[in-house]
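Okay, so chain A shows up in both of these, paired with chain B first and chain C after.
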Partner chain A sequence: MNFEIDPEWAWREYSPDNETPWNLRTASHLFRRLGFGASQKDLDAALQRKPSELVDDLLNINEPVDFQREMKSLADSALATGNVKQLSAWWAYRMLASPAQALEKTTLFWHGHFATSAEKVTEGQLMLTQNELLRRYAFGDFSQMLLEISRDAAMLIYLDSATNRKAHPNENYAREIMELFCLGEGNYSETDIRELARCFTGWEVRRGEFRFNRFQHDTGTKNILGKSGDFGGEDGVRIVLEQKSAPEFLVSKLIRYFVMDEPAASRELIAPLAKEMRESGMKIRPVLRRILTSQLFYSPLAIGRKIKSPVEMAIGLLRSLEGTTNSFELAESLQQLGQGLLYPPSVKGWDGGRTWINSSTLLGRSNLVRDLITHEKTRFGRTSLKQYLASQKVTQPRAIIDHLEERLFAVAIPEAAKDRIARLMAAASGKAIVEGLHALCTLPEFQIA
Partner chain B sequence: MPSRSRIGVHPLQSLVTIAVILGLSAGVAASAMAQEIHPENLLPRSTVLYVAMDAPPAVMASILDHPVSKQIQTLDVYQKATQSQEYRNFLTGRKLFEIQIGGEWRAAIEAVADKGLYAAYDAETKGGVLLVRGKDEATMENFRTKILELTRLNGGDQQKITDYKGVAVYRLPEGGAAVYKDWLIVTNKGDLGKQVIDRIVAMPGEKQESLADNPIYQQASQTRPASQVWSFVDLGTIRSGGGAQKVFEGQAENPLAELIVGGIQSVLQHADWVTSDLSVGETGLTWNFTSPLAQDWIPEQRQYYFGPANSGLAPALPEAKDTLLTLAAYRDVSAMWVRAGDLFNEQMNDKLAEADAGLSTIFAGRDFGEEILGSFAPEIGVVVVRQDFADTKPTPALRLPAFAMVLKLKDPETMRGELRRTFQSAIGFFNIVGAQNGNPQLEMDMQKVGETDLITSRYLPEKKDKDSTTAPIIYNFSPSVSFTGDRFVLASTAKLAETLGTAPLKEAASVNTAVELHADILRDALMDNQEQLITQNMLTEGHSREEAEAAVGLLLEVMKNFKGAGLQLKADKDRLNLQFHIDTNTPVR
Partner chain C sequence: MRNSSRRSFLRHASAGTAVLTFGGIAPKALQAAAMAQKSERILVVIELQGGNDGLNTVVPFADSAYQKLRPKLALKKDDLLTISDGLAFHGSLKGFADLLEAGQLAVIQGVGYENPNRSHFESMDIWHTCQRKEETRTDGWLGRFFEKEAAVAGTDPAALHLGADKQPFALMSRTVRTPSIRSLEQFRLQGADDADFRKAVQELADAKRGGGNDLLDFVQTSTSSAIAASERLSGAASKATTSVVWPTSPLADQLQTVARLIRSGLTTSVYYVTLNGFDTHSQQPDVHAALLRQLSDSVKALLDDVKEQGQSERVAVMCFSEFGRRVEENASDGTDHGTAGPMFIAGAASQIHSGLIGDHPKLNDLKDGDLKHHTDFRQVYAAVIEKWFQTPSSEILKGTWTPTPVFRS
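Right after this comes the complex of A and B.
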């Protein structure tokens, strides 16, 4: 179904009213989209703030220096073994532990946008460097991020641009910067790709670091997207970013990731935000703020209109219940479900949306949840699920279901399903509660964010 | 029969059973003559497995009261195990038991099994039997009374009690249980139980054949030392009965497994018995296995294992500071390699033939099995030491121990040049592969230290790694070799090649194989990697740093109590002995 959303209504700041109150459900929605989920403590604090104040808090929170140092040390240790899979586990741990979950969620967005896989870039340090770059610019200046990613060793290796010589310009990166990173299909020609590739000649990777080899750079005149000159790589990046379609393309991707999988945002809906992004100098945070404080974001057009990715599902389940687990096995399970951290399937990243769900992945998602909640290393609030829920003052099956519904579900659970699961949990033993949680997490409603 | 749900614990049912027997057997005591009963006199001659613990309270005290046990109980892994539903059920049952008997479980068990605990398996009846000897009849009577009450409370079924030769027998779903004086008998086969009762109530002069009359047992028991737990296995009967086929098959089908246990397998194919004795004390644990040995039991293709006339001895090894592990063994690997056709299956021989062709090429066309391996004496040594990076840069983030193989050259003059050239070729090969993978290059050097010729190689650090203290794992290695007389050392680091090339040999034990692990050095090596251990703990356990630090700290603290562990395999003229030992530091009380 295709219908028009009025941009003026959509981007007007959300003001809670009787129809769309600021309550547990809307606060949980914000945490699910701009993070992975919220604990009871987070939600209690959130309800004391205005929605716009909370968005500002989430977008501006800085990771404490101690946490950053801790994560750096953890990453270095993970890399010491030379096994990149350890880095995947490290990121899963970081997602679970970070006090700045909006930053992690947005870093995951950029990882899917500038998709680079450790399957090909086997050196963990390069993947870590790229990951840190994405986190550094997650809310920052997209122009600067694009320039740095264009010189990022992992990206250049992944796109076979580690050696780019004037005699044989490699078109891979030039193609992807236009098609996947900035402009989208239909906004450039094959000639533009060839000419842009000439700008990047001489850009190399030596011993894991970017190097400009002036002897291999094509110093001739290039004609790109209507501009002509002796352009270098930096010029090429600038020219691409100057295109009108650049902010439109980025805004459409941000809306899809943070607001709704379907319908695709219309040009009219995108236009005001694209204009703002251009005027802000391609800054990301202001656009995100506008999106996350909008009427559209808190409307039925957004709530429950996305399908949880495996990472959102698993990390969200744990974070909402203050869970911790074996990060290696979690990372491995995510990979089996098609969303291996640092292992995107192609340069296009993850398709997302409905592609997350089919008969095979539904079974896989159910198994992942079961493995997670029954794993001997999994703890909730550093204790068992039963004790954790008891600490939240919920002990009876129906109360437990209602408690979990508010935190884990974007849409209401049908009464019949609640009754069935309450019977399953009738014994109220530790095992029965775990079975009940698993049953809840296999409901179609749980797959939606 | 009491339902499990009423009691909640399985072990309690056994105790109830024991109690009933205790109670109903009291009257039988008067009819028996006062005489000393040895458990081997109660068991059938066809017993193939017998385990004897003469003083269970002492064993319990050695284990449960040792400071290490108490520390282990604070470890994460132990704590997690105690959170399982099964363990909680066990604790509930134990508490019920304690309430009923009005005392602590350990004291009760120490009294009931004060004079011994014995287990056996009989080949003829295919049954197992447990014999428990209490402190005295009064103790058992007291215990009986209390447990009987528990039985009654749980609906014990008096109909299950029958009489056999004046002894009350409580029938179990399989087999039964009975008591006589201070003896408790529990079996899963009625016929076996009857045989034991026949012997226990026999009047003097009513001689019945028993395990003690089995000449194989008599021979084996001659080796019995003073130990806390002793066991006997009648291998001949098990073998002829077709049991444990895999153990007696005789082929390992894997060169490494063959090198480790090949000779032992040949012995097990012929030996009539094997015994083991376990001693647990304040300063550790020793576990010995002994079997007979005859020279003609070792087939020609396995002569490589024990040597001519089973006389092969492990070599003396050079001493090195911070030695973590040593392995010294007599193994004629060349002889094993050339007799591979008789030792391994077809697939393994195909793989070995492929390896032989490749290795012969590396060694300039010389036959790898006969000429290269054959140029080494059969004595093999492996030394693992903790690396000291105090004066070394770059320092790897993950600090691995260095390791080396110490071999003896039969013809040093000829082989020195051959091995030197091969080592140089290997380093060249590593450099080519390393360059393809973007790894740093190895730089070679040659030097003479006293009588030792050293050929070393070191990774040239990249600029960014030069002063790093978190360098890649590759900087743990500087592959090197050394030649000192007939001593050849192939080491993972230049320093170890030099150390082992120049160090004097320490005295060797007269054994076929010796492995020694030094726990204090292992602890130091783990402490070198404490950050790594903490990281792994955080990622695998989901712990916070504080929790991970505490868990790792505790593990290292527990390790302080251990001195080391080891293994020795000794082949005498007519005996094969395998000994494991774990040494703890003398506890501070």
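Right after this comes the complex of A and C.
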């Protein structure tokens, strides 16, 4: 019963054919995974491109200078309030408004990977600095990102490593860089942790800045992962990253985030991409391109094989319908659903997959949809949902359902369910669209991406 | 505190007396009787996340090694609540000390497992699943326990998880879905006051999909039980009141919800709550003191509340953490990840063997600077399953474990 995916088949470049055509469904799939969802305009444009060209477009698009300037000014205003929750709202707004949604989606991946919570860091500026670091390197050089995150003030404060003296090295960062950031549990020993912790002695945070305190650095010989020498922190990071398991660990996490929750990718499936990632000097964009242009990515093993995160669910609903809303309340709701931006639950980030789902979060998701579509601040294409849909030439219950299904659903809704919702809408008269969209978004199918 | 009276019920040696399991040998009729009795019993699990410093919880204050390895963090005798000659509770554990005095608290010392893992996540998974990473882990020990109990359609859920965090692996099951609720108020579906809407979404969620997509099937059964449970709970506890003065803390709020649900007559047998923040790598003293106070005051209030309800004998509370902490303190006024630590089981004096169970791990016999365990956590689970819930435990625990003598039954 051990089902194996053939790597040779999986990573070959997808080219549309009768079985898997390049159409609204496959293009929406790409936007849902490498972004948060596509509007009608995005989809129309996408179908004029080849899939691999579109992936390149998405991975290479730069944020316009005007957009960056607006985001900078909004971030400054958020920080000025002294309430870090405002910065969380700022990021939700950025996700909604960004013309470079692949970049936001990938930055969110790294936020979950190098999870750091404002709950403990408390200083908004430090969270913003880290967020910008993650965005700057999102598609770039993992080695450089890792080195910088190892000296990032928010990270060190979060992991209690803001002081690290040679007499009593603090093991926390040494443990997590191997367990959660690079290698995965089981690919190092407890001795490696203790020795690596000695490398980081003298690394400190003072007044929000990284500082090396040479008086507190242990200059003795360390033995880490088979290497021996008078290593400093930079050496420690380099040695960890040189391990064979490093690209394997990262590729497996990328596959889980962008391709499928289950099953976990096998060693054989990971191997070719891990090799390429190592050969490219640990560059992120090439490996992402390989994943997103692959046959596996457009196959039934990937489409509809992820559970939407709260962010994917809510931002996706809004982006697909050109929606805007009150970002602060949206960010609060995301937190209640288990995905507070800048507030991951632990250094392990979000486990994702089935762990998103329980009775409380399912009711919460359904309630959030209702709140969003009935909120006075919510607009769709700058107007009401009814007028927006009318502008797309859909007005009758069944037509509305079909229209929304095509844009919002990765898996087909059973015919009987569509009939039932159409009846509900017909009976609801004035509230038909609210009741209909709410019922659609309460369907199990809606939680699947 | 009267030490002499306390000593009389202290020390139930954890010697491995062979214990015959009731469910395993009993004839069918007796089993049925046991089932009926079992369904009345309730377990409240409190997970202490982050690795509780057991050494500063049940403190060997008189041990010179303790003073030596913890020059800054060692607690002084005068600040502690004495349990026995050399052992005392952290001064914040007033509630626990009162429970011990009243014969309502078992302190199981030196609990851990072979070849300890010091990763929070891996160690927690081991506690939750009773399996190591090398094995395929699909469900948790409590999830497997729920599968043993015959599910009766339309009744209350076997377990409830309270809290905003993700559902504990311990509750995962292939067939039984445990609801998670943040608060009773938030556990209702908007728009459900409209009967047509409520009926429609319930029907739509109940219909089996069967397209071969496991994730979709999982979401479908989860949605179906969520809507049903919300319906059932929405009125369940609204009128419950108590004269017990509850402390104000996140854990107390959750346990008070548990007390209200018990009072409302829910047949749920396991409630699961978590208290986070025990990962005290730095600035440990104040943080740890506040957490322990929150824990012990809340547990005391819960037991007082169920006593007032006349339901004491039905309720047992179990506290655990994924590991204890390193014996030697670090440079940041904190402690790093360690191994063995104490577990606590609280309940009615008529139901549990109150007092210390097993010796405190020796500070002069460490492994890699960490305490050695002498009791496996699965022995405590075995006591809960076999003695408290009267159910055979070996399949649930993936092995046969001698129950720790915690329960009188």
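Assume the second predicted complex is superposed on the first by the 443 of 449 C-alpha atoms of A that agree within 3 Å, B and C clash if a C-alpha of one lies under 4 Å from a C-alpha of the other, contacts with A are read in each partner's own complex, and residues count from 1 in each chain.
Following the convention adopted for this analysis, a residue touches a chain if its C-beta (ideal position, glycine included) is under 8 Å from a C-beta of that chain, and two chains touch if they have at least 3 such contacts.
This structure is a prediction, so every number in the text was calculated from the model and none was measured.
Novice: In the superposition on chain A, see if there is space for chain B and chain C together, and answer fit or clash.
Specialist: Taken together on chain A, chain C would fit alongside chain B, as the superposition shows.
Novice: Name the contact category of A:76: first (chain B only), second (chain C only), both, or neither.
Specialist: After superposing on A, A:76 lies in contact with chain B but is clear of chain C.
Novice: Nearest 10 degrees is fine: what angle do the Cα centroids of chain B and chain C make about that of chain A?
Specialist: With chain A as the vertex, chain B and chain C sit 80 degrees apart.
Novice: For A:179 in the superposed arrangement: first (chain B), second (chain C), both or neither?
Specialist: second
Novice: Is A:208 in contact with chain B, with chain C, with both, or with neither (first, second, both, neither)?
Specialist: A:208: touches chain B, not chain C.
Novice: Considering only the touch criterion stated at the top, classify A:86 as touching first (chain B), second (chain C), both, or neither.
Specialist: first
Novice: Counting only touches as set out at the top, which of chain B and chain C does A:262 meet: first, second, both, neither?
Specialist: Second partner only.
Novice: If you stack the two complexes on chain A, which partner ends up touching A:243: first (chain B), second (chain C), both, or neither?
Specialist: neither
Novice: After lining up the shared chain so the two structures overlap, which partner does A:333 touch, if you call chain B first and chain C second: first, second, both or neither?
Specialist: Neither partner.
Novice: Using the superposition described at the top, determine whether chain B or chain C touches more residues of chain A.
Specialist: C
Novice: Rounded to a whole Å, what is the shortest Cα gap between chain B and chain C in the overlaid structures?
Specialist: After superposing on chain A, chain B and chain C come no closer than 13 Å at C-alpha.
Novice: In the superposed view, which residues of chain A touch chain B and also chain C?
Specialist: none
Novice: Contact residues on chain A for chain C in the complex?
Specialist: 159-160, 162-165, 167-172, 175, 179, 185-186, 190, 193, 261-262, 304-307, 336, 338, 345-346, 348, 351, 353-364, 366-367, 370-371, 411, 414, 416-417, 420-421, 423-424, 427-428, 435, 438-439, 442-445, 447-448
Novice: Which of the residues in chain A come into contact with chain B in the complex?
Specialist: 70, 73-74, 76-82, 86, 89-90, 93, 96-97, 123, 207-208, 323-328, 376-379
Novice: Where on chain C is chain A touching in the complex?
Specialist: My answer: residues 117-122, 133, 161, 164-167, 177-182, 186-191, 194, 196-197, 200-201, 203-205, 207, 209, 211, 213-216, 218-220, 222-223, 225-227, 229-230, 281-282, 328-332, 334, 336-337, 368.
Novice: For a test of understanding, state which residues of chain B touch chain A in their complex under the given definition.
Specialist: Touch list, chain B to chain A: 80, 396-398, 438, 462, 470, 472-473, 531-532, 534-536, 538-545.
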